[in-house]
Structure formats: C-alpha cells, structure tokens
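Have a look at this one.
Chain lettering (A, B and C) follows the sequence in which the chains are written, and residue indices restart at 1 in each chain.
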Amino acid sequence: MDLVAAVGLQILYGIANLALISLGLAIIFGMMRVINLAHGEFLMLGGYTVVIAANAGVNLWVAMLILAPLVVGVIGVVVERLLIRWLYGRMIDTLLATWGLSLLFIGIVTSIFGASTATTISPPLGVVSIGEYTSSAYELLLIGITVALGIAVFLVLKMTSLGLVARGTMQNAEMASALGVSTSRVYMITFGIGAAISGLAGGLLAPVTGVLPTIGAVYIAKAFITVISGGAAILAGTASASVLLGGVNGIAAFLTGPTIGEVALLVTAIVLLRLMPRGITGGLFRKSL
Amino acid sequence: MRQGGEVVLETRGLSMHFGGVRAVDRVDFALYEHELRCLIGPNGAGKSTFFKCLTGQLRPSAGSVVIRDLHVTDREPFEVAALGVGIKTQVPNVFEGLAVEENIWLSARRWHPPARSRSLTAETLERLQLGDIRSSPVGRLAHGQRQWVELGMVVAAEPWLVLLDEPAAGMTHEETVRTAELIREINRTATLIVVEHDMQFIRMISHLVTVFHEGRILMEDTMEAISADPRAREVYLGHRG
Amino acid sequence: MILARDVRGTLAIAAVGVLFMLIAPSVLELFTIINLTTAIALAVLALSLALVWGYGGILCFGQNAFFGIGAYAYTIAAINFGGSSWAILVAILVAVAFAVVIGYVMFYGRVSDVYLAVITLTVSLILYSLIRRTSGPDYKIGKSLLGGFNGITSPPINLPWDPSFVLFPEHVFYVAMGALVVAYLFTSWLTRTHFGRVCVSIRENELRAELLGYDVRLYKLGIFAVGAGVAGLAGVLFCNGVGRVTPDVFNLYNAALTIIWVIVGGRGTLIGPILGAFGLFYLTSALGTQSTVNNNLVLGIILVVFVLGVPKGVIPTLAGWMAARRTRRALRARERRMRLRRARGGGGRNDGAGAGAGPGGGGPAGAGRGAGAPE
C-alpha cells in the first residue's frame, strides 16, 4: 500500500513536472502560434536568477516565486519587442530566430558564468515519509504549485478581459485583429507572461536539477513533445498530454528503468501524432482552453 | 442538352458543415458524359465548397461523391486526380518559382513517358500561346497569365473529366473570350464542370447551368431559362443589381 | 539551354573537388588533412539537409539525428563484423529505415511544417538523452558496448577485400573527399530527375502537386529518406575522421549548426550549404582556440542576422546580384545600341520620344526580364 502511494506520488510528480516545464511554451504557442525555440533558455535563465539571487542572500522563496518570473518576464517582453514582432506570420523565420536567440542566451550565460554548474542550492523542506518510503516534501509542493498555476491561468483566461481577447485570438487571430483588438499589445503581454511562467518553472526546478548554461536542452525536448501532443488548447492540451505522457513514462520507468521510460514516452507521442496529427485537443475537444 | 451519355459524376446527399453552418446541404447532383456544366450562385451559395468536396480537398460531413462508379468521398486529392480528373482551383495554384514550361511539363510527365511529355508540353505551350514566356518563372506573370498556366497544366494531363473553379476570374475581356474558346475546345474530348459567376462568360460556354443557393441546388436548366426564371433572378441576378 | 549551363556548373564544381582531393595531401600537413576529413564529413551532412530542406522544402531541424545514427550504426556494425565494408552499408540503411519510420508518421499524418521541425529536433534530442544513459556493461549490441556519454571508439575503414588492411588518415581523406564529390553529383542528378522536379514542385505548391495527381506524402517520404541516407554516410565519415562517436552528435548545438550551414549557404543550392559547412567549421575551430568569445554566442548572432538580414543565404543572394548586374548591363548595352542607331539613322523626330523612354527602362534591375508583366 505504501509502495503504491509512493510510486503514485512519483508518477504524479512526473506529470506535474511535464506540465510545469511546458506551460509557458503552451501559452505562447496556443495564443500566438509561435513555437519558441528559446523556451529552454527561459527556463535556464529562471534557474540562474534563483541561484544567483539565493547566493547573494535573497530569501530563496522570494527568488523563486517573485524574482525568477519577473526577470524572465521582462526578458521575454524585450525579446518580443526587439525580435519576435518583426516576424509575425512568418512561422519558420520565427522558429529560426528564436533558435538563434537560444544559442545567444547559452553563449551569453556561458561567457559570464562559465560552462559548468554555478554554485548550487539544495531543495528546501526536507523529506516526508510514507510508511517505510520517503518522498521529497519539495516535490509535493511542486505538484501543488503546478496545479495552482494551472488554475490561475484558467481564471485569467476565463475571467479577465485579457483572457477574453486571448481566447478570441486563439479561435481566430484575423477576426480578433479585425475587431480592432490591438494584437500587437496582446502578443507582447502574452509573450511576457509565457516567459514569466517559464522563468518561474525554471526557478522552481533549479534546486532540484542544478543549473547549467545548456540545461535548456534537457527541458525542451519534453516540453515540445507535451505541447505538440496536447495540441492548440493551452490548458486542456498541456494537462491531457502531461497526464498521458507523464503517466506512461512514470509507469514504464517504474517497471523497467528510466531509459525505457523515455523510450515509452517517445513512442507514445509518435503513435499519438500518427493518430491525431494536430494533437489531443486538435482531435478531441476542440473548443476547450 | 446532351444528356444521352452515362453519368460520370454523381453526388448523393452531399453535405458539408462548418460548425453550425451548412455550406453544402444534402446535394444530389449528376453530371453526364460530354457535358459542359456551369455551377453558379451568389457568394456563399456553397458552390466552391461543393467543388472542394468533389476534388477531395474537403472531406464531406455526410453523403457521397461517385466518379465513374468509384466512391471517392474519402479519397485524397491526388487519388481523385489520378482517375484522370483535371482540376483548377479558384486561387491560381501554380508553381511560382518554376518556369512556365516546367509547370506544364510536371503535369504532362505525371501520365506520360519523357519523350511524349516533352512534345505534349510543346503542344500545350503553343495551344495556349504561352510560347513567348515559356522560360519565365510563373511568379513574375500577371494574374491572367497565371490562370492560363494553370489551365495549361490541366490540358497537358489530357484529362477526361475537368473541374474548373472560376477559370476567368481576374482576366481581361480578351483573355476571357480566349478562355471560353479553350473551354469549348476541351469539351470536345472531356466532360467539364465550371464554377463561375461571370454571366457573360457562362453565356459564352454553357449548355446546362446549375444554380446553387444556400447550400442547395435551386434549379438546373439552360442559361436562357434561368435568366427568365423569377426565383433565380431574385437570389442571384437580383443580387448583382 | 539553361539546364545545360547548370550541368556544366555542377561538373565544374565536381572537378574542382576532385582536383582538391588529388592535390591536398601532397601540399598540406597531415594534421590539416585529418581536420579536413572531419570538415568534409560535416559538408556531406550539410549537403543532405540542402537536399531535404532546400529542394524538398522539408523543414528538418534534426538532420543530425540521421548523421548520429549513421555514425553509431557504422561503429557498432564494424565492431561486430570485424570489418568496415558492410558496416558502411548498414549505417546508411539504418539511417534510411529510421527516417522512413519518422517520416511515415509525419508525412502520412500530414503534420504542418512547424510541427515537423519541432518533431525532428525533438527526436534528435531524445536520442541524445537516451544514448547518454547507456553507460555500463548492460547496454550493448552484439560485441559493442554503447558507452554512454563517453561514446565508442570507431574502427577505421579498411580495404573492402582485406579487413586487416586498415586505411591511414590520409587515405581516409581520399575516401571522404571522394564520397563528398559522389554525393554531390548524386544529389544534383537527383534534383534534375522527374522525382527531384516533383519534390521541388511540392516545395513550391503542395496542393498543386497533389492536384496533378502526385502523392505528395510518398515523394516527401522519398526525399526525406534519401537525405537521411546521405546524412548516414556523413556520420560514417565523421566517426572515421574523429576516431570515435559520442552522444554529442545528437545534441542541440549540432542540430543548430546543421541548420545554420544551410541558412548561411542558401536554400535551393547544393554547393552553398557545403561551403557554409566548411566556412563555419573553420570559424568555430578558430573560435575554439580562444576563450573570450563563446561559440554559441557567435552562432546565435549569425543565425539571427541571417534570418533577419540575408534570409536567402549567401550563394542565392550573390547569384541574384550577379543576375541583376547582367540584366542592367544588357539593358544599358541595348540603350547604347539604340541611341547609336538613332544618331546614325538621323530620325530627328523620334529622338525626343526615345530619350523620354530611355531612363524609365533603365530603372529597377528586374524590370527588363519580366517579358510583359503588367501587374
């Protein structure tokens, strides 16, 4: 019984982890149809913000929950104004330009902080025990934060005027701009929010994973798979794909080992894409958020 | 009217819904061999959607499309084309970066060995008077000329069934007259459906006209009869003032 | 006629390649030759993406996956077989087979360009993280351990009939350069065949190709698979040049590098990306020897600058300039001839009209070519 609980918790954490690292990407993709190849670097920058701030004596929670999203959100807005906005409607060029940006960020961070791990910080909160098994309390907290983040995004999309415009843009970008909605401003804010959430995610994960200039590559493969498998709907897509892929990964990893777990995740995603080329929400529930 | 031949294209209960909009609503339609049929109707009457269902560009929500006893309802466009059907879309679909000659050749070469393809390309270029611009990239041509290149691609494949969506759109009067001539010429060897809204043009080519209105077939008759019919005048001609 | 000039160009480039192959080993030092072998392997990889992306219009962001698979398959097969000849073939076939599986999912599912780019990149990254995990004695294929992030030492190529006669590095250079020339001739031949022209037409307008009766999915799968085969060959050459294969062949940096060669060299040419690969190889090696400027930084700047400023790439942009200059010169020559004729003919009344039309005709570079394009 304890084993089931512990394994279940581990799988749940895997799912939450996928959702956490994908949400920022999903927001930008879902609303702007831009796939941000610098997404991994936004996570990386969030991580660096936390590590540097914590080492400078800032309270870890402040660094993770406030500084990381703030810094990366600002970077996101700057990037959108300087680069992305010139390329709207040119999806392939946007991909390439954000890839260039990704390399640029890696290069800048490497030049400043070096290629190896900056001084790390350890996860706070210690462990909780489930019968004879233990689980990291911080991982439990991350599950909770992920759920809270999902609810927050849902409420913003559902309740606020920004959310209304965003949903309009999601359904039909041309219509929205024809109605006089300043898509330019919506896009800037959206990109900023997407970046901020990525920064938050990167910051929250920094104590678990440590930080490296190239750590973005570790995240993006999984984030891409999740977002593409999920399809265009931001929340329903991210949630359903995270549950499916995270679940498969977790179960396969428990039964055989982490390597097979990743293979299972990849194979599931490939089969899924063959059956539903536009992702779960492109194939099933089209009008969800 | 030439309704003596067998039915070569037929739809039964063909419907296409977009969300709540019924763009095409339970259409039964039959086309006979050697016919030259025009589809007309005001904007949004569903004729272009109907056309896209015929060519496999859209999967109909319900109903079936049968070409020569073969169900093509769920087929890909290339499978429809592979039956020997020549298709021209509403917006000119050409290979912008390639030369006029190569556009035509790619069509001929799909069905014929190299030598025959070359001669067929040369014939088509001459027939459509595209010889002077044979090596220009299609992207540099004027709209009317691009339409002609696309018609050339249709002709070069030597299809037995030809589906044209607004072949004369954006053409000068002179070009329109030539296009009408060409269509009549194609009709000597092939059966045609032409979607149009230019009445002058339809008078130049058509025998039998099918009028679409709100996703359904309103009537099917000769152009004279339709011009005289009050219902058709109201839904279609009336709209145009 | 245009085609004929094209063919002459291809043969001239191939001839330069052969000449270089023959002369280089007697002029350059061994160290340079070994380095060159690696650069050549990368040039073959660039060529494969030039074919797939530049001609097939398939936005493959993970072309290095097939390159890495080729390198791993060669190494593992060569260790197991105890010789290189069949291993080379196996490497190419494994890369092709892998591409067919991935390509089937993507093309028959008709995923969009952008999805395709991201999926291929993801595949490469997943392979990277998978192979990195394979250290230890548990992970082996036949006699060959997979080696985790340390990779595997690759057996060098041997003579086809004699596995004990292993080629020296300078011989491997001949093999690599020969392979590059052959691959270049093969791919440029392919782009001129019916198959190749259909692929180009699909790049230009997928719907039109489909309406002509071509099965777009099949053609895309075809050129994707051929490109993967060429990339697999590149992988074989690469692990021979370097002497080992590590998971790094699959990493993000190499994926980006491959794309950058093609962007810089230009889509729609084969020689452009090849030159791009050589150029960037020497640029990054030069940067690698100092520590102030980071490689990623430079590549990132190059990528952004090219996407925003030179989106067509160097070779097509130069070709465009040259064509424009030729047209301008031809126009000027024609004008001069006409002025001369007028002066000699003494048609005084026409002079005014002629002079008025003159400057208008000498305007924008492209104006003279578009034989009557009144848009």
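Going forward, a contact is a pair of C-beta atoms (placed from the backbone, for glycine too) under 8 Å apart; a residue touches a chain by one contact, two chains touch by 3 or more.
The structure presented is a predicted model; accordingly, all values stated were derived computationally and were not measured.
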| item | value |
| --- | --- |
| Chain nearest the global centroid, as defined over all protein CA atoms shown | C |
| Far-end chain from chain B, centres as C-alpha averages | A |
| CA centroid of chain A to CA centroid of chain C, Å | 33 |
| Whole-Å gap separating chain A and chain B, where each centre is the average of the chain's CA atoms | 48 |
| Where chain B and chain C are represented by their mean Cα positions, the distance between them in whole Å | 40 |
| Residue ranges of chain C touching chain B (in the complex, touch as defined) | 2, 194, 197-198, 200-201, 204-205, 207-216, 366, 369-375 |
| Chain C partner contacts - residues on chain A that touch it in the complex | 35, 37, 83, 86-87, 91-93, 95-97, 99-108, 110-111, 213-214, 216-218, 220-221, 224-225, 228, 258-259, 262-263, 266, 270, 273-274, 277-278 |
| Touching residues on chain C, where the partner in the complex is chain A | 59, 61, 102, 104-106, 108-111, 113-115, 117-119, 121-123, 125-126, 128-130, 133-134, 251-253, 256, 259, 263, 292-304, 307-308, 311 |
| Parts of chain B lying in touch with chain C, wherever the complex brings them together | 55, 57, 76-78, 81-82, 87, 89, 93-98, 102, 105-107, 109-111, 114, 132-133, 135-136, 140-143, 145, 150, 153, 157 |
